[in-house]
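A quick write-up on the structure given underneath.
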């Protein structure tokens, strides 16, 4: 809801590592009147891959926004074998929240949203339960109840696809959403569905990780935000954190301590996604600072 | 090497929870002239088990040390179904270190030892390699090379048992020791062999956890100290900690960052063991503060 | 808003350390039919002070609730020089929030409140600004604007005292409230006003700690929750935490990272207070687990 | 002691921010046959300063090492107002340790040294006490006792200067060295003396920070490594970390927990210095990853 006065372009790219790429790209931006506001790059020496994020001011940039991608592809991307995406901060991204019955992640996201912390629109909340409708109403956001389950998944997801299209949703945040998405769903939004799992993955994949953590007697519990892929809890990890527990903590204590972790770890990942600071490659993420 | 001037008894116990146990035990100590220096207790409400650690000054205690366990068993342990152990801080415990080729945990332990941080004796280091002999010599500690491998384990461990007996070893610390102990070995030292595993267990059990962590793209790496049981990396966890990593960290970086974790996490566990502050039950630990 | 079905008594006490106190108190509870649900104690050996928190089930307790304090004082407190307080979980405490213009701590508290995480009532929000009225309305909580400043403090606080009395407020949470309370105000609520300061105290006392942290070039920023005393930012510390920063972080980044710290650190302190797990002594806190 | 096979140049620089600097410098390296192994840069937008670290392989670099600085200054540094330093990893830096009576930091450094973790030489240990001579002897490093105090500082430091010159010392690590260096000493080694202070600065400047932390009742203790400047404990901070404590911890416990912090925080700073990854500006550090 922040009034985004910036007018910048963000280039996210990776390509086989080779000398001179930074020079070529910064020269392209500078020569056309762009003022670089952010540049971070990383070279994966083991796999020989170069990753970069550059953001520049468009106010005096000589190439019209709608032609930048085209020019960049012709002039550089083809030549260097780049995989790239250029986006524009003038266009605010649109995010849908999927939620089931728990409110802590939902409130954390909506509180940041109305405080203007994030440059994003949240026009839609979808749930398989009516419980969180009261929260959506507090924030005046449409809340659609789609009672999806194992047996009606195809039909229910069809309704969800219509809603996501109708609201022009760019990416989806699963804020403790307790239904598994179909492969079809996941493939429509590659690297655009962010989930929070309540363990330090890869430990305790699947259901009831706090129970499993309690049974194993660990001294730390964690939370992991990741992009959803078709393999359960196995997508590219964006962010993780932990909190210390002791033998005194019951499963209820783990659930309570975990809630604070979950909401913070999920919101950190959502923020990085909104800022277009995440690149994925080979089921891993590059998260720029 | 600290000159331990304290003359105290430590009672570690657990039993079915029932009203009045604290009162009974503190009354036993007070009535016999013992001054309680430490008392911590914990009730596992789910399983209905009461755990306690009490330490008291023996200077004016009316019951001779050698009879305390006997009296306690007759008067209380049988009545309340207690599982208990009374030990005496006057008797310094004797610890053996097993090490392979890496020095970081070994140095961390020996530096604490000669600085007098721990009330323990370290009369013996055993290794399957000659590499760390130079370190043992720096600290004037006997270093026995037992080239154990999968094929000669029975004979080599027999030699180790003799050494452990000869040096009156109470407990063993595996300071990045890269051989799996036999079931026979483990059963001789129940809850008396402490290992350090270089991951946040139960993630990345087994060999090469840093490689596995790198491949999975986690954002945290960890280390876990635990008592050794016959199932690999599955014994009761004593202590865990993590450190944050990023996409920039190579496997070598993980190994480097992990070393600092490993040595600190192992030493914290060893210290708690020396202080007799660990109780185990159902493959989990109660670690008193 | 949780329906609190428990009917327990909580004893918080401290007194000069001496043998047998635990035995005496647990015997008192057991003998009168109370079932102890929680017992934690701590001895400050340096100052010779014994601290304890005991909670027991009142369902079969032989002494009527309204007489317990009286009996306990006569039978034990006088004899052992105890400073004690007995409270009853049946009576839900009533908390007022003071807030200025920032919403992050307020939302964090209210989200926990409506989710039933805390056994507390929040019947009143007071602010020196109208900005947060919209949040109070979302949660249907009375919001009183008292435009206090340095010049009108006496009159404005008189209005606040009336409100606090009218709503039977037990304790106050300053959720980033930007006015200094008068000495008179603070003395009315000893150890019952909880503040959040956005630094790891005692570093960066006073205004604009993030600016000061930025100027000093620290690599960590922190937040501290504490009871308010008449000396600014110098009251007993309840909880602290930190987050890592780098040279890349601007003051705005510190403010943003700090918000997540502030809300979590404040809520942890509020929860401990609600659970009656904090004892203060000599400007320090004992926080039971 | 690692055999450093790399032959690289490291450029550390800062200058007023302006478009095209990265392009210019990477072009300079690429055009002369250098293969860039590391590039990280940072722009301080508030003060308008550009910082960069570049490291490149010298094997096929066309300009002889001894002429690179000269060329770079003429061609670029003057033009862009750069403050820069080019160093060569072929030349192993030489580090002196100053220590008083405590061994934990000393052992931590020497253990890393003999394990080959660091590309550094440690030819000299200086102390104002004889206590640590035994440790120096374990590692076969010359140990010079210079009994400096407030009254003989000028003469004693003169001896130290001779020793530092004789051993060609590049930088100094104060590993819990309990004497204040003179202004003259500090000015000879600007940004080349690394100290460890046992608090999270700027809290608890000066003597006995653990006592001060205990008295204030903090819930965290910290350690800070920084470059020494003429104002006590006020130099540019390189690294900080904390550990959680509770009311149960005595001053002795703080000292014990603090030791692990101190050694890790100091060693992290020393490693960054050895890797030439620290730039200082306006009493703050830029620490590259």
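For this structure, a couple of remarks:
Going by the order they are written in, the chains are A, B, C and D; count residues from 1 in each one.
The rule is simple: a contact is a pair of C-beta atoms (placed from the backbone, for glycine too) under 8 Å apart; a residue touches a chain by one contact, two chains touch by 3 or more.
Predicted, not measured: the structure shown is a model, and the values here were computed from it.
The chains that touch chain C as well as chain D are A, B.
Chain centres here are means of the Cα atoms, and by that rule the chain farthest away from chain C is D.
Chain A and chain B have Cα centroids separated by 42 Å. Averaged C-alpha coordinates put the centre of chain A at 36 Å from the centre of chain C. Across the assembly, chain C contributes residues 45, 246, 248 that each touch 2 or more other chains.
Contact residues of chain B toward chain A in the complex are 42, 44-46, 200-204, 216-220, 222, 236-242, 246-248, 250, 283-287.
Of all residues in chain B, those touching chain D in their complex are 102-104, 107-108, 111-112, 114-115, 117, 138-139, 246, 248, 256, 259-260, 264, 267, 289.
Residue ranges of chain A in contact with chain D, taken from their complex: 19-20, 22-23, 26-27, 30, 35-37, 39, 41, 45, 244.
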